[in-house]
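Both complexes below contain chain A, partnered by chain B and then by chain C.
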Partner chain A sequence: MSRTGEFEPLTVPGESGAGEGQDVLEVAMGPHHPSTHGVFRMDVAVAGERIVRLKPVFGYLHRNHEKIAETGSYLAAMPYTDRLDYFCSLTNNWAYALAVERLTGLRPPERAEYIRVITAELTRLQNHACLVGFLAQDMGASGTPLMYAFREREKILDLFESLTGSRMMCNYMRFGGCRCDLPDGWLDQARQLVADFPRFLDEFERFLADNEILMARTQGIGVLPPELAINAGVTGPMLRASGVNYDLRKVDDYGIYHRFKFRVPLGDHGDVYDRYMIRVLEMRESVEILHQALRDIPAGPILDPKSKPRGFRPKPGEAYGRIEAPKGELGFYLISDGGSNPYRYRVRPPSLINLTVLEDMCLGQTLADVVVILGSVDIVLGEVDR
Partner chain B sequence: MLGAGIIKGLAETARNFVGSYVVPERLITVPYPEQRLPAQENARNFPFLVYDGDDAAAGLRCVACQICEKECPPQCIYIVKDVVKKPDHTGKLQFQPKAFDIDLSVCMSCQICVEVCPFDAIKMDTEFELSTTDRFGGLLATKDQLSKPNTYYHQIHPGEARQVDEHLAAARARLEARTLSKPAGDAGSR
Partner chain C sequence: MLSPETIKAQVESLVPGAELVVVPNGSTDNPGALLVRGEQAVAVARALREHPALRLDYASNVTGVDWPDQVLREKHRIKLIVEGEEREFEEERERRVPGYLEVVYHLYSMALGHGPVVLRLRTGNRNDQVSLPSLTPVWRSCELQEREVFDLFGVRFEGHPDLRRLLMWEDYQDHPMRKDYSDPDDYEYEPTAHDRVLARSRARQGEGAAS
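After this line comes the complex of A and B, so read on.
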């Protein structure tokens, strides 16, 4: 590889068997390409229509998140976590709050734990709904499925706004609880939304699941073998679509997930269609969790009394907090030296690590499939580049 | 039959299209400038400074302690302390901010200044129609622009404002009880 990170001149085409004896064309997809879901570039080498090499190039949206978090106070990093995966700010908040709680020993009260589960599962619903919409958009279903998904997302965002004050940049979780209590009538609105949501899922399934074009574009495309998925550290719906039963809500037992009955859907082909179906099935399980959480939520305080907004200095030590974010394992690793700002702050973003297998999934596929495969990975560039 | 799935999907599109004319929940958008959604009680946009009474200069709750300036994650607050102390609304001598600027183009509406303020002096506004053709001066809010009366705070966040008023009244009552219990000469010297 040359110093500038560009391709070496390709002299031997047909490494993957495809396009033997043909000239290889290098195509730079992105950074301004509508299918890349942000500013992301794929340097693709194609022989004819088949991919022989693919190199993801990221960093266009690098914002120095980790270093900024190390210069400010612990609390000051919280609003920046909203901006990692800007679709799922509440799960990002939770992961960071969990890491700090493990560092300091703060314990969120019962009600706060329930609120966290409810907001996280609502986040999962809107993230997966949008992902399915975007995936259909990538396949050429311009707008319609995406707008139906956005319509449902809008209702969830309205709930977030009435709870946290902001639709996307919620900045809601605090170390040892949550910032403010649920407003009056919020639980009833949430129950109504959760009761109505399966109707949207049924509609969406009638709308897309049997669609022949969708099946032709997704089945057998971008297969990710389970061994490779495990070796590459892939997590989340992408790993489960390959048939690996690994869900942090079951395995790591953070929060109060052990109290809820839910199943972990698994795929068995690991192709784009499985990844699409996993999201739909996970939404149904999230609805189940929400039903139980909204039924059982107790009254009480929402913040650990030991938690304080000013002068927060954890004892020296290190901690890793991880949760099952909608996109996979989201972890925050913190080292404290006893000061008011973290000595080291590290994010383990699921989007970035799930992207590392992109080339393996794309080799031998056509250029049009790359768009669909990338869509099924479910990346948000705010989290990939940080 | 090939294409049955597509036809099934198109039936769903038709149901949504026709439904958007008759079922309100299928059409959730509103034509914005003419019609507006009701404001959410918790909504937040940019911070403003609360003052009590009618005079913005005299009733400003901010005592220029600069905690928000230090805690603000994107560092968008700029405070200059006044050199002389002025009596605040309770008659206690306090510093006042000579300058208090918030760069709205930098502010990320995270509400941390509100949380760390020990004097309930800075709160979140809900006004969002702030577009301007001047990207520097037009988005730099000065102390005069930021100062808004407590009645306005009650108007945009009624529940929260009521709690803050109760909390402040309790603190004032405690303060008065303490000054009354002390000898008369001591209270004046502080």
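After this line comes the complex of A and C, so read on.
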């Protein structure tokens, strides 16, 4: 039984410039294909080696996260947000906490805001480092670049573990602050890590940035024009690789990002290489933010005293909170009817919406390029399927 | 950001015959949403995107909300003549408020860096009038999200280029995000040889043989 419906009888379209008059072969890539980074399927039609149609198929990891969250209390949804994009649980926590804070008017104290920025930027570092590693893996650089990235990620996860008690499922933010204060010596460890990180970036960049194979496989591949990127709601590094200056840390100015000096790197080609390079440059800017945040973090409370763990009932109303997660704009839309659980709880998943343009980027490319293009989108299926 | 009332006035002057209603919001997060009638939605959406002071070129979030039918109990005072004299009684009456499905769009402007403008569309009811125009022709970012709303809430988007279920499988019947949804006993029931074997056994050996 097909989950998507059959392909209609296929005539090879001329506009992709390939495969006119050839037979078309339909390939199901996935759901258990290593390049899909999870359980994700692409029904691809190829004429010769060129893609003439690509339909993504979702839902293999669907567990109706939103329904689960609507049946529990507000706080009960917090650990579930870890499982959306399980690489970046701390930014997921933040986005949800931000939406609830907008709904209720809670305000995190100064120190909590700094901790949020620090943990979010560390999350961005490890996400982008791994993405670059996975991208190189997808191109056939088996293991080594990925292990270099994982070595750095390990150090960041160690920091998360000593702070939150968990390496990946952190469940750390609370409405109006954070769950616990930094342990002794944590800031020094973090400063050390941030001071060492540029060395890794230099090394990584020296190996990859002007590598001939990487350039041949990525330059001019999967080009995404800026007009299409805006119209299709693409966000995050993918949007900025197409040259659109839209970073929520600058635009929305949530948290305390206006206090930090950092730049927003932009690409000019919108191809896979630019998307790779944007990640590298963003890591450097994250290091800048971390330097400043770790220098300026004040002492003080970490939770708004008005925040209640029990009997938490926001007034009726609605709110939409969104942050610049490593993968793009992560938003939470909440409607309260005055009860103890959200009447409506919605996650705006950047991974899913960035896949809207997957077919547009892949048409006319080869099957091997599909793997690289998908790798450059940066998806996590826990968030795509929810 | 302009207030919803200002946007309402500007859109109504741009789109002939458009009538927008400002839906207030109880929290301080945004000042209120704009409720649009289905048949005007595409024209209003285009006006919001093209208006030089708004330029809402980016539809960030599209989602559904289910508002089930409600039964309100209301007290009325009635006068009755009892034993020759007029007396006042209190009577409780039930009033059915029909439910509807709502689709909410959060619109931002990447060009001008402002937002959100919240757009709401409502269906006629929850059963047979569940069609709304698709805004995918205006903003491509609605494509997958409207499919999700169709899948999980059961709103039919007219004019959507590829309206299929997104997360549940094709043969699935229900809409899981509706408030009155209950889990099926068996998600993927397929008749197995099991029942046929039993029936054959009964036929051969008489009733009660292999129960």
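Criterion: the second predicted complex is superposed on the first by the 377 of 386 C-alpha atoms of A that agree within 3 Å, B and C clash if a C-alpha of one lies under 4 Å from a C-alpha of the other, contacts with A are read in each partner's own complex, and residues count from 1 in each chain.
Keep in mind that, in the parts below, a contact is a pair of C-beta atoms (placed from the backbone, for glycine too) under 8 Å apart; a residue touches a chain by one contact, two chains touch by 3 or more.
On a predicted model such as this, the values are computed, not experimentally measured, just so you know.
Visitor: Once chain A of both complexes is superposed, is A:D385 in touch with chain B (first), chain C (second), both, or neither?
Guide: second
Visitor: A:N231 contacts which: chain B (first), chain C (second), both, neither?
Guide: second
Visitor: Just to be sure I read the superposition right, which of the two partners does A:G72 touch: chain B = first, chain C = second, or both, or neither?
Guide: first
Visitor: Scan A:Y86 for contacts with chain B and chain C and give back first, second, both or neither.
Guide: Neither partner.
Visitor: First (chain B), second (chain C), both or neither: which does A:F312 touch?
Guide: Neither chain B nor chain C is touched by A:F312.
Visitor: Tell me which partner A:H62 touches in the superposition: chain B (first), chain C (second), both or neither.
Guide: second
Visitor: If we overlay the two complexes on their shared chain A, which of chain B and chain C does A:T356 touch? Say first, second, both or neither.
Guide: Touch status of A:T356: second partner only.
Visitor: Okay, in this complex, where on chain A does chain C touch?
Guide: 1-5, 58-59, 62, 64, 66-67, 102-105, 228, 230-234, 244, 246, 251, 314-322, 329, 331, 333, 335-336, 343-344, 346, 348, 352-353, 355-357, 385-386
Visitor: Which residues of chain A touch chain B in their complex?
Guide: Those residues of chain A that touch chain B are 68, 72-73, 75-80, 82, 144, 148, 151, 154-155, 158, 161-166, 169, 171, 179-180, 183, 203, 206-215, 309-310.
Visitor: If we count contacts the way the header does, which residues on chain B are in touch with chain A in the complex?
Guide: 2-6, 8-9, 11-13, 16, 26, 28, 40-44, 67, 71-73, 108-112, 115-116, 118, 124
Visitor: Using the touch definition from the top, list the residues of chain C that touch chain A in their complex.
Guide: Interface residues on the chain C side: 25-30, 57-61, 63, 65, 104, 106, 110, 113, 116, 118, 139-145, 152, 164-171, 176-177, 181.
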